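Read the structure below first, then the notes.
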Amino acid sequence: MSFILDYYNYWVVVFLMMAGFYIVISANNLVKKIVGLNIFQTSVFMLYISMGKVSGGTAPIVVEGVTQYSNPLPHVLILTAIVVGVATTAVGLALIVRIKRAYGTVEENEFDNKDDVI
Amino acid sequence: MDFLDIVSSILLLAGVFFGFSGAVGLFRFPDFFTRIHAASVTDSIAAILIIGALLLQTSFDLNTAKLVFILLFLMVTSPTASHALAKSARHGGLLTLAETRPQDKQGSAK
Amino acid sequence: MLEQHLAVLPIILPLIAAPLALILGRSIFSWGFATLVSGLAFLLSWQLLAAALSDGVLSYAVGGWAPPWGIELRVDAANAFVLLAVTAISTLVLVYSKHSIEKEVKAANHSLFYTAHLLCLAGLSGILITGDAFNLFVFLEISSLATYTLVSLASDRRCLTAAFRYLVMGTIGATFILIGVGLLYMKTGTLNMLDLAERIDLYDSSRTINTGLAFIMVGVSIKLALFPLHMWLPPAYTHAPSAVTAFLASTATKVAVYVMIRFIFTVFGIDHVFVDMGMGLILMALAVVAIFKCSYMATVQSNVKTVLAYSSVAQIGYLVLGLSLVSVSGLMASMIHIFNHALMKGALFMAVGAVFYRVGSVDIKDFAGLGRKMPLTMAAFTIAGLSIIGVPLTVGFVSKWYLVIAALEQDQWLVAALVLVGSLFAVIYIGRIIEAAYFQKLPESRSSENIKEVSWLMLVPMWVLVIANIYFGIDTSLTTEAANSASEWLFQTNSMLENKVMEGEVLEGHAIEEKAQEVSS
Amino acid sequence: MAEFIDLVLLAMLALTALRIIFLKDLFAVVMLFGIYSFLSALIFLNLDAVDVAFTEASVGAGISTVLMLVTLAITGRKEKQSTHSSLLPLFVVLVTGAALIYGTLDMPPFGHPDNPVHQHVAPRYIEESPKEVGLPNMVTSVLASYRGFDTLGETVVVFSAVIGVLSLLGVRRKKKKDLESGLESHRVLHVVAKIIIPLVILFALYVQFHGDFGPGGGFQAGVIAAAAFILYALILGLPKAFAVVGPRFLQWMAAAGVLLYASVGLYSMYMGGHFLDYNQLATDPVAGQHYGIIIIELGVGVTVFAVMLNIFYAFGSQAERSNVQ
Amino acid sequence: MTDILAAACIAILVVMAIALVRAFKAPTVYDRVLGVNMFGTKTVLFIAASGFLMGRPDFLDIAIVYALINFIGMVAVLRFFEYTSPIE
């Protein structure tokens, strides 16, 4: 039982990651692909934040009378990673808008048919 | 448990009760306009009660100010959002229950 | 002052220059500025290589915080050598790109192009120099975002889908690296690569570490377009503007190969990767398949840029093959080939870009008769093509020579033979193009068009690379020396790393020593 | 209690993710993605990552969702039936997931204070940073000082994003007043927006300068300030927003923020320290750290504000164009 | 007091879950938006209450952000409806 209590968090996070990953590689619609990519990344962020947690600890902002803090380093890394994620999302969505203008569709199989694939 | 705590608990429980009734209303009412009515009204009252309860827990510091800010913000935005959504639904062509019932057709004139 | 900050300057110079190039706004100004900055970065990395060759390793603590608490930049012979190639190519491509970009990118985007180029350069330099696993991810994303932008700047609509595919694949790769780094961090509590190396071995049999290794390897393999994960590369290289293709083909994947080398040799240790995990065999198999499959694919394409793109994937096979041999000479062959392949592919794509500039498309049939119309361009193409094939007196021959020697050293006769057979494919795909250029007549429909040689601004960088192809093919002392000391250095740190495990907590003391030194200086 | 909340939130997340896989209506997908972001921010909050929760809520649920909605307005909201088989993706995902589960087996237990993560590098941040850097918020200390180079990289990533979006979409300055109206018919929204927007900007300033002591900082403040302007543009229309802050100016601002950040680093080099060594900025190292952090947070805030708003402008003007045609 | 706060937090979580179900499956697209909106406002209350439960009430800033983002999301959705026909 303690085994499950120790790891359930990671397992659910893995499930979430894989759900996002599945959407990325199986979706035919480009917008949905980007949504999947975001879910995938957000779930990876949860993996990082989970490992920074200390049971009984509190947020890493100094308060009188608290000695046990959670680890601030993963938080810093994930702040950076979130920014990277939104930057990628913005560029990806901009590409989708242009693809819609150029091909009239955002379904992967449809614009593949419109060009001779190399 | 002193007096403030008791008042605060009562407010909290009342707020939760209204929150529940709104959620039930979301499913139980027959058409969109009645549902949004249930949701938005209870949303506001639940926010007032719960944040009011929390206000009693603070000791007049920055947190009090923040809570008041949240309360004001919710008071302004939540009804606005509901109103705008209902309006948008109306413009989008959604009909009330009375209008969709054929026998009430004559009553649906605005 | 300069010596003290030598390690950080190649990163921050283009990083600061990028916003300035945007502010300059006018195409001509940002071009001149970007070229100047890139040239300066080249000079700096020359200095850096000299310093690394004489002093061994340069460590720079950003923000004055000693590693592992702060971010460390670490320069040794290996990454200084790759950095030199990257900055050199970047400068040449920038010189070349002025006219090429005028033709292929619409005018409003010119300053954005140079900004993105500088960002990409800054990202690549950062990946090479940083000694921090997470910092590597950040710079990887800077260079990737800039790359997606650069690829999508072409006027053909197909560049958009190519860039999108690249974006999705690239982001998956980066996320895999992020997962891998996270798993390592979880087990070790550190992000500094040197410190990671120390602490990983304490948990040698850990399943978490092995999974982390696997994820980093897969992520890096996507970035370097190793065989089954290369699908993003051919469309991206084919449809990107020619100058961008020349830059990316000769730098981006090389940097990714370096990242792989770095993780294997200085973080995980070869014993762990090759002996315990058996990655050597996997990498070797994938490399051989890549060489054959993609060389074959290159022979059946009609678009010359696609031909060269598939050839690039095949060449990545050679790079990975060298490092999968796990020997100083194998690694040295890889390091030499990183440098040499940058020279060859840079020249080839520049020549193709020149053809595109005059003719407007680059199908093989469009090359017919160009040998007479554009003699200098086609001569450059021919020499660089011979280099790809591996004809003696070119750098291609040097690379293949060392690769075959390294394979024979380990009695891998089959591998050596396969390398040579792979070259035959290169004869076919390069031969088809050269045949069209010199032995076919210019079609009647084109004879009225005014096809002539391109301007010197495009020819000079192209020919600099061609001459470098020949020069380093004859005088191999610089490349072999640098590559040799780089690979010896990598093996040395690797063995140091394995010794330290025996001695237990030695690094703790070492780290404290370093910190003390910095405080006093 | 924290574990219980964690479990409930994780269950909700899993259900949301599953629902997103099977939904074909992209509008619903984007709505659920907003919820997904909100929920994950709650998880971050529950796991003590206050700053991360702050960022995820404002970026994931705010900016990303709004951008996705604008994209949907251009591309249409129905996903078509996929033709290729979903077996190969499923296989890839199962293999990857199995590898990860295999990796979890040797992981240190969740939340245990003896884990390597809490033993090696982090203790110095927790114990020393309030003295060395002098800020109560350790996340800000690590972000801006110990790992300031990462944050410079992060700012440059944001800057690259705007370069990419501008080169792809551009921002049209052409004013089409007769076509562009915002939410003209929603009078109530107009009034409410005028009350709220100044408050939001005030809140953004609070977050910017209070980030040293509580959750927040340059990045979050930039996003919130941008959100205020996005609200303005959504309700009153892009031309009116352009009149307040034009895209050209934003482009300049984005560059200026990065340069401000980098110039702190250059100045500390000039003063004889390493790049981004704030100790050199004043005679007292702690005061130097404080100056350095305030300036670089300002640089981050300026860049992020300019970039987020400019990206929205670019998407918004595209949506209007498609509406006209 | 803590017990009642904890009970209230759980109750708000349940309300959130109900709103989530509405967002999953809704008769009209407006109902979906309504569910999302309700989810958002209840989240604000949840954060406020749980802050007091955890003894760190200074995190109310996040509740403010949630309220703000929720509103912006709603406005964006309304704007989106002007571009496309929302009736499924």
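Observations on the structure shown:
First chain written, first letter: the chains are A, B, C, D and E, and each begins at residue 1.
Definition applied: a residue touches a chain if its C-beta (ideal position, glycine included) is under 8 Å from a C-beta of that chain, and two chains touch if they have at least 3 such contacts.
This is a predicted model, so every value here is computed, not measured.
Any chain bridging chain D and chain E, meaning touching each of them, is among A, B; the list is complete. Counting steps between touching chains, the shortest path from chain B to chain E takes 1. Using the mean of the Cα atoms as each chain's centre, the chain most removed from chain B is C. Relative to chain E, the chain whose mean Cα position lies farthest away is C.
Across the two interfaces under comparison, A-C and A-D, the one joined by more C-beta contacts turns out to be A-D. With each centre defined as the average position of its C-alpha atoms, the distance from chain A to chain B rounds to 32 Å.
Per-chain Cα centroids separate chain A from chain E by 21 Å. Inter-chain centre distance (chain B to chain C, centres taken as mean C-alpha positions): 59 Å. Remark: chain B and chain D have CA centroids separated by 29 Å (rounded to whole angstrom).
Shared interface positions of chain D, defined as residues touching 2 or more other chains, are 50, 72, 76, 100, 104, 107-108, 115, 117-118, 121-122, 125, 147, 150, 153-154, 157, 160-161, 164, 168, 183, 186, 189, 196, 203, 214-215.
Touching two or more other chains at once are residues 17, 21, 25, 30, 51, 58-59, 61, 63, 73-74, 77, 80, 84, 87-88, 91, 95-96, 98 of chain A. In chain B, the residues that touch at least two other chains are 69, 73, 77, 80, 84, 88.
The full set of touching chain pairs reads A-C, A-D, A-E, B-D, B-E, C-D, D-E. The touching residues of chain E, counted against chain A in their complex, run 54-56, 58-59.
If you check the complex, the residues on chain D that touch chain C are 99-100, 102-108, 115-122, 124-125, 145-150, 152-154, 156-157, 159-161, 163-164, 166-168, 170, 251-252, 254-256, 258-259, 262, 265-266, 269, 273-280. Those residues of chain A lying in contact with chain E across their complex are 58-59, 61, 63.
Across the interface of their complex, chain D is touched by residues 1, 5, 8, 12, 15-16, 18-20, 22-23, 60-65, 68-71, 108-109, 112-113, 115-116, 119, 122, 126, 134-135, 138-139, 141-142, 145-146, 148-149, 152-153, 179, 183, 185-191, 199, 203, 206-212, 214-215 of chain C. Contact residues on chain B toward chain E in their complex (touch as defined above): 1, 5, 8-9, 12-13, 15-16, 19-20, 22-24, 26-27, 32, 35-36, 39, 43, 46-47, 50-51, 54, 57-58, 62-63, 66-67, 69-70, 73-74, 77-78, 80-82, 84-85, 88-89, 92-94.
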